[in-house]
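Encoded as structure tokens, the structure appears first; notes follow it.
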Amino acid sequence: MEYVNPLTGFRVDGRRPNEMRQLKGEVGVVARADGSALFEMGNTRVIAAVYGPREVQNKGQQVNSNEALVRCEYRMAEFSTGDRRRKPKGDRRSTEISLVIRQTMEASILTHLMPRSQIDIYVQVLQADGGTRSACINAATLALADAGIPMRDIVTSCSAGYLCSTPLLDLNYLEDSAGGSDVTVGILAKMDKVTLLQMDAKLPMDTFENVMGLAIEGCKAIASYIQECMQINDLNLSKIAVPTMDITQPLKSLTCCGWMAFVHCIAVHRNFLGLLERPMEYVEGPVGLLLSPKSRRPQNSPSHFVGIW
Amino acid sequence: MAMEHLRWRPTVNERDFIERALQSDLRVDGRHSFDFRKLKITFGREDGSSEVQLGETHVMGYVTAQLVQPYRDRPNEGTLAIFTEFSPMADPAFEPGRPGESAIELGRVIDRGLRESRAVDMESLCVVAGKHVWSVRVDLHILDNGGNLIDAANIAALAALSTFRRPECTVGGDDGQQVTVHDPEVRDPLPLTIHHMPIAVTFAYFGEGNIVVDPTYKEEAVMGGRMTATVNSNGDVCAIQKAGGEGVMSSVIMQCLRIALVKAADITSKIKKAVDSYTTEKALKKVKRLPTSVPQKISVTDVIMEDKGDGELEKQTVDVQQISKDPPTIVKVSSHEDAQPMTESSNAEVNTSSAVAAGESDESQEIGSPKSLKDAIKPKHKRKKKSDKS
Amino acid sequence: MVGLSEGEKHFIRGGITQDLRTDGRKRLQFRALSVQTGVIPQANGSARVRLGATEIIASVKAELGKPSILHPDKGKVSIFVDCSPTAEPMFEGRGSEELSAELSVSLQRCLLGGKSGAGAAIDLSSLIVVEGKVCWDLYIDGLVVSSDGNLLDALAAAIKVALSDTGIPKVNVSVNAASDEEPEVDVSDEEFLQFDTSSVPVIITLTKVGRHYIVDANSEEESQMSSAVSVSVNRHGQICGLTKRGGAGLDPSVIFDMISVAKHVSQQFISLLDSEIAAAEAEEAEC
Amino acid sequence: MSALAGTGTYSPAAAAGGKRRERKEELRRHLVEDADWPRADGRSFHDCRPAFMQTGPTTAASGSAYAEFGKTKVIVSVFGPRESKKAMMYSDVGADNKEYSSMLHKAFEGAVMLHTFPKTTVDVFALVLESGGSDLPIIISCASLALADAGIMMYDLVTSVSVSCFGKNIIIDPTSDEEAWQDGSLVVAFMPARKEITQLTLNGEWSDGRITNAVELCMDACSKLGDIMRDRLKDTATLTSE
């Protein structure tokens, strides 16, 4: 099959070889998550939701108590693929992708700022049309930013392939399953460093360099799009924002039921122990919080709660 | 994953020591940054079994094959599957039973390197298109985890595949669909066609730009990121796995790939040398025709894997008998049968059965003289398998 | 899991007694409903339904299959629900299986009717292509993307919308096919047949908190319930299914009262849903 | 624990009828159309199968019960209360039916005095030896007897009965043949002394007034079944005290 038209140079879906599919990012799609995002790359559509930082749920999983524990689960919806097949949960492919996404996001999350806490990233594929792991990473970046998780950089991911002697950017499902090479790259955008790199099928060294270069360019384009998205939604990596859900949810109860409920929520859900040196940055919205820098224990007693106004 | 907390974790001092040493280009075991540890490849008594020692890392590879129906979308190709077995004996962090994350990742990285780069010729494994193809199964047993499992397991897989011999079979009968599997005694079994050797080379990245190849267990516990590049000596990149972690410049990645090329050429020649000396030895044995004393190269692991004395006894007698008749034939009644009853036993049966016309029905193969209790219970397995497939 | 303080619990219960719930609703008032169709282009029909902070994506896929020997004149419908961990961290791994299975069973009970096929939401005999040989297998999948209570009602609504969005390709069967041979089937990719969704019911869950019952409870309110009754009612006011959920026993007269309230509320909800479907379809047609 | 066997029939309203019919199709037609056609096993529409119930078939369990309603035979054993990390749990093996487990759980949630066993688990294992229709209600009734046998505190015994709907007719305690042809079904789990419904499920097509009728019919049957179960427990108690 001809994946690149020899006359026009167009691909099966009408794109040029180095053309990316339409991108769409939307934050706050899951109301009850601490951060969430929908990311579309053409027909590939994924949702990412972030819960945390919160208390470590299963102490056995905590490897290093000086850093936040990052967890990730990748799941495909039953209807996400063309042929509907019920697959068992946690198959080998999903397990590997979960691992890859987790380690990629870990590379950018400032885990040392959130000791003894846990961040859960859940990615759900709604529609799979090639490049799901890239879309998941991009969605996870947006969701983490939405949750106000401190990150050292934006991570973006894009794939590229090599078919009909042409490097192709952002493969769709048809091109992906053509049996050619597929290179998925994840970069830390500002630092211009590669954190994720996966490829299969054989490629000569210099061709590989070209294909990887193309994928990196794709990542950069996605990074600028994601930055745009973040600007529109007033998200910032450097400023540690308090996730809006955590504040507004208990806020209702605060006005209704007294401040005890509020204290409880804050103390349990936000173990921002590394951040207590700068209490003023923690102030946001109509109700502010002042946490005493001395209380470094994550307890749900209101003892380390100095005052609200 | 649940056993993650059992993984060895370096103390602050150990971590500091390893990192500080790397700053001055020193590794804790005295190697240079881009040196591999000592590689030792040995082979078991049977074709298709290998044992690789990379420093303290110890992996056993074991290849078997059986006739199966091909996948519908690839009717004229055989199949290759990689299975990994992480024993808690090798590392307390390995959970017994369900494969953990790292086991799955390892399996998939090796699978990508070998299968998707089409290192093993699959078309030549086809017997009757759409009906019978050889399904090659590579079992990788991690016996000791001293770091860099992927590279060691990859070498073990390649070495085992290189020495594997499958029984020859011919197609005949009235409808041209009858498959005859020839007894290894009658016709020499055939090796696999291996187009190229994809060698996995793992790099460990540490903060401040330090890179080493072939990280040890301790270095793995300290490193910030890892990249496994699977390359062959022709200069092709077959697979890469860098699953997140420490970011590196793309120029550094290309540099690593070039280093990997050199390492791959080196390892390829080591594997080839080991395989050559093994085959020569086998050929010599054939000439000598030693009836009684069977020259064996029994590896320690072979003994470990055998769990019941009676099975071993039976196996050895079978071996002796047949070798005395015709030295090069290798009977694959493996101790693995106990570990992997279903596939292994049906596989063993293909190999041991004498030349019986095995038409479209696999049952006809089962007629092949039952030799033991294991053989006797085979039909049940067989049926089970069939119903699974349908 | 909802962790509430005593004060909050009291507030929720008190509000319900006074017919003013925490979010300002009355007892028998639904949260804001938003409907979008055609969200999964690969499916034959799909919908995204939001009920407050609860969000469901439903898809309908039709595949050609063989009818069962027991019912050669009927197609097959299967309903599966999956709860994504995006909705609740508790759902990760196998954590959602129990709830998913419970929701699937409840939906099957409400939509598929009795064993003889009476009262089914979808007329199974309309799915037959060649009797005894070829029929449509309808796979209905619901995915809980975000959960804030009242999942069952939202799922049923999403499935209703997805079914109304569903187009089944027209099938031409070659006439000369001999009776014992497999008939040749030509699936059209241009002509689609719409479903008759008029008999697809909605599910109304009445949650009993204290002495009163409320519709469309959010997860905080659900945590305060003593019991709940889910009633599925179709456009004609007929009851197609009923499940009692949750702990405490109920006096029979209370149950009968709840059923009649549910019937009343359902008619309002159906007309609301219908107008939303019409609006969503108009919007989709514009795009 | 000692065991005692006993049989008893119970029928809520109508009198028993007589003949057998062979063909299912015809059966169905009759069930739908006729006012009171005798059923395959000779019962009339509102007639339950004879109930045989017995406590203590398994000695290893803290409490157990066996129930036989016509062809349906179930055995339920109860373990506990015993220490647990999780809250109250019900498990169900044998019948490959997760649905039944959750239904069983629901039926008892409101009946067992959970607060009397903090931090403990009561495991209920139900095994359907032979499935002959109305399995779930029989499991529920049998489980309630087993729980009582185990000395688990309950507000009341939970008894359960199902009915099938055929056209305009309602048939109580259906056999599996009848279940296969029904238009709709309704299961009620009931606490007879408290007059509270703990579990109610319904599917299929039901016209208006019939739900009320059906539920009332079920409740009536449940009360009578409750009396039988109470007698069984009393018999056991007398036997032990002797």
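Just so it is clear, A, B, C and D label the chains in written order, and each chain counts residues from 1 on its own.
Basically, a contact is a pair of C-beta atoms (placed from the backbone, for glycine too) under 8 Å apart; a residue touches a chain by one contact, two chains touch by 3 or more.
Computed from a predicted structure; not experimentally measured.
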Review point. Rounded to the nearest whole Å, what is the centre-to-centre distance of chain B and chain D, using the mean of the C-alpha atoms as each centre?
Key: 57
**Study point:** Gap in Å, rounded to a whole number, between the CA centres of chain C and chain B
**Key:** 50
Study note, to complete from the structure: So, in whole Å, the Cα centroid of chain A is separated from that of chain B by 36
Check your understanding: So how far apart, in whole Å, are chain C and chain D when each is placed at the average of its C-alpha atoms?
Key -> 29
Review point. Among line, ring, star, complete and other, which best matches the way these chains touch?
Key: line
Review point. Using the touch rule from the top of the page, what pairs of chains touch, sorted by label?
Key: A-B, A-C, C-D
Revision key, fill the gap. Residue positions on chain A within touch of chain B in the complex are 60-64, 92-93, 95-96, 98-107, 183, 186-188, 191-205, 208-209, 212-213, 216
Study note, to complete from the structure: The chain B residues in contact with chain A across the complex are 1-2, 4-5, 7, 9, 99, 101, 104-105, 107-108, 112, 116-118, 225, 227, 231-232, 235-250, 253-254, 257-258, 261
Check your understanding: Which of the residues in chain A come into contact with chain C in the complex?
Key -> 29-33, 36, 43, 47-49, 51, 57, 73, 75, 77-82, 84, 86, 89-90, 120, 122-124, 126-127, 252-253, 256-258, 260-261, 264, 268
Review point. What residues of chain C sit close enough to touch chain D in their complex?
Key: 98, 101-102, 105, 109-110, 112-116, 118-119, 227, 229, 238-252, 255-256, 259
Practice item. Quick one: which bits of chain C touch chain A in the complex? Just the residue numbers, please. Key: 3-5, 7-8, 10-11, 22, 39-43, 46, 52-53, 55, 57, 59, 61, 63, 80, 82, 84-89, 92-94, 139, 141, 143, 145-148
